[in-house]
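What follows is a set of structures for review.
What follows is a pair of complexes built around subunit A, which joins subunit B in one and subunit C in the other.
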Partner chain A sequence: MTKLAQWLWALALLGSAWAALTLGALDLPSSCREVLWPLPAYLLVSAGCYALATVGYRVATFHDCEDAARELQSQIQEARADLSRRGMRF
Partner chain B sequence: MASKTANRTPPRSRREPAGRPPGRDKYSVLLPTYNERQNLPLIVWLLVKSFSESGIDYEIIIIDDGSPDGTREVAEQLEKIYGSDKILLRPREKKLGLGTAYIHGMKHATGNYIIIMDADLSHHPKFIPEFIRKQKEGNFDIVSGTRYKGNGGVYGWDLKRKLISRGANFVTQILLRPGASDLTGSFRLYRKEVLQKLIEKCVSKGYVFQMEMIVRARQLHYTIGEVPITFVDRVYGESKLGGNEIVSFLKGLLTLFATT
Partner chain C sequence: MATGTDQVVGLGLVAVSLIIFIYYTAWVILLPFIDSQHVIHKYFLPRAYAVAIPLAAGLLLLLFVGRPPYGAYQGRATQDLCRHCSPSSMAALQTPLGMKLFRTHPD
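For the complex of A and B:
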């Protein structure tokens, strides 16, 4: 099953369960129904917040490798010297 | 090169490298190049240094796509300096794309493991012995370098670039659940037969090609190990990530989402 198919199945399953329950399939007390009815909207907003927070955190902690850049620069010098010695014409 | 395994056929599990006695692993580095006249000598020098210091058997296959800037001449000089058993020149007439460059390179590879990487110094060969160590540790089919985990990282990216990178990776992880943290990275070690199999199955281009390889690998139940790497962006030359790249990335991602 493709990922798209998996998502569609999951959405169909949860969507129909939600629709059934909010429309009275199991005769739930109205306090339950009141919570259930806006649940998809709440979940969507929470997912959005989670996404923003996660990406924000990961951008903030994205490792900046200054040492790697410095090391590379000095190795480039070393490489050019060694290769010139061995007959490389740049 | 004489093969000592002509008549010996050890019991072969799906995971054992075909035809090579254990302890005699050889690593072929595929370097597709286009206009890398400045970087090529440096990357080759670094590769030779890493491999020699670790006593690893290797070869470097340079696949130049008819670069107009003289990359080929530079490659020929390197072949003279290091020997044609270590530096293999397998050029092509014109720019033909990465997937076909890998196929072309692999035809001439005598190693049982293939390493793919960028020739522009953004990937550092010092990580290759770590890839090899990781591969042996878990008997992985693929080892992928990751910029997003452990002490992996980047140098030379501004906030916008980091945001795009992390955002794209987040969406990719949600949609594809790939089992690898860095999907667009192209610094990887493959068993030769695994790479051959994957290239056969992949249809996309560019960034998405690298993503598709990992996704297909998971489909085929290959194992993937990860090693944190540092990515030093564009020592020479321009970094390119425009609107076009982003759009084609999204198109590719949605295609993979819908078809795998």
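For the complex of A and C:
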């Protein structure tokens, strides 16, 4: 079975369970019902929050190498000077 | 570790997403179990907005999804085109399927 088919199966199963419970298949207390019906929206919002937090965290902890960056810049300047001395125009 | 503004922006994103998550979890999951006379209900909108606001925000984000216009590949010079591409076949390229085929063209 392809990954798409697996995802669609899982979505269909969970979606039908949610729909059945929201429309009253079992007798649930009203507070449980109130938690149940916004659940799909809640899962989407939490997935979005998790994605945002992951992106933010990895931006904040990215391994910058400042010394290597400076060294690279100076090597670029050196190369440009050398090449323009030999006649190449930028 | 990242430097300067990278760190600020990154940690800012983490903080924003944490705040949104905590508020939304309290709204959807905790509030129904709290006595309706409690003062905390004053800080949350009616429950219907818990679905309406993310839905509206999602639709708004969809408006920012774009694609290049259909005429995007028309400006190519004739020597860029291979010997198989006649002017009449270029007309067929304006469809989305045509664009896809053009990108995988061998020449």
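We adopt the following convention: the second predicted complex is superposed on the first by the 64 of 90 C-alpha atoms of A that agree within 3 Å, B and C clash if a C-alpha of one lies under 4 Å from a C-alpha of the other, contacts with A are read in each partner's own complex, and residues count from 1 in each chain.
By our rule, a residue touches a chain if its C-beta (ideal position, glycine included) is under 8 Å from a C-beta of that chain, and two chains touch if they have at least 3 such contacts.
This structure is a prediction, so every number in the text was calculated from the model and none was measured.
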item	value
Partner chain in contact with A:Ala25 - subunit B first, subunit C second, else both or neither	neither
Which superposed partner A:Leu72 touches (first subunit B, second subunit C, both, neither)	first
First (subunit B), second (subunit C), both or neither touched by A:Phe62	both
Partner chain(s) touched by A:Leu14 [first = subunit B, second = subunit C, both, neither]	neither
Subunit B versus subunit C as contact partner of A:Leu83, first or second or both or neither	first
Which superposed partner A:Leu4 touches (first subunit B, second subunit C, both, neither)	first
Touching both subunit C and subunit B, counted on subunit A across the two superposed complexes	55, 58-59, 62-64, 66
Residue ranges of subunit A in contact with subunit B within the complex	2-4, 51, 54-55, 58-59, 62-66, 68-69, 72-73, 75-76, 79-80, 82-83, 86-90
Residue ranges of subunit C touching subunit A (in the complex, touch as defined)	1-3, 6-7, 9-14, 16-18, 20-21, 24-25, 28-29, 32-33, 47, 50-51, 54-55, 58
Partner subunit C, residues of subunit A touching it in the complex	31-32, 34-35, 38-39, 41-42, 44-46, 49-50, 52-53, 55-64, 66
Sites on subunit B touched by subunit A in the complex	41-42, 45-46, 74, 77-78, 80-81, 121, 124, 148, 151-157, 159, 162-163, 165-167, 170, 175-177, 230-232, 235, 256-260
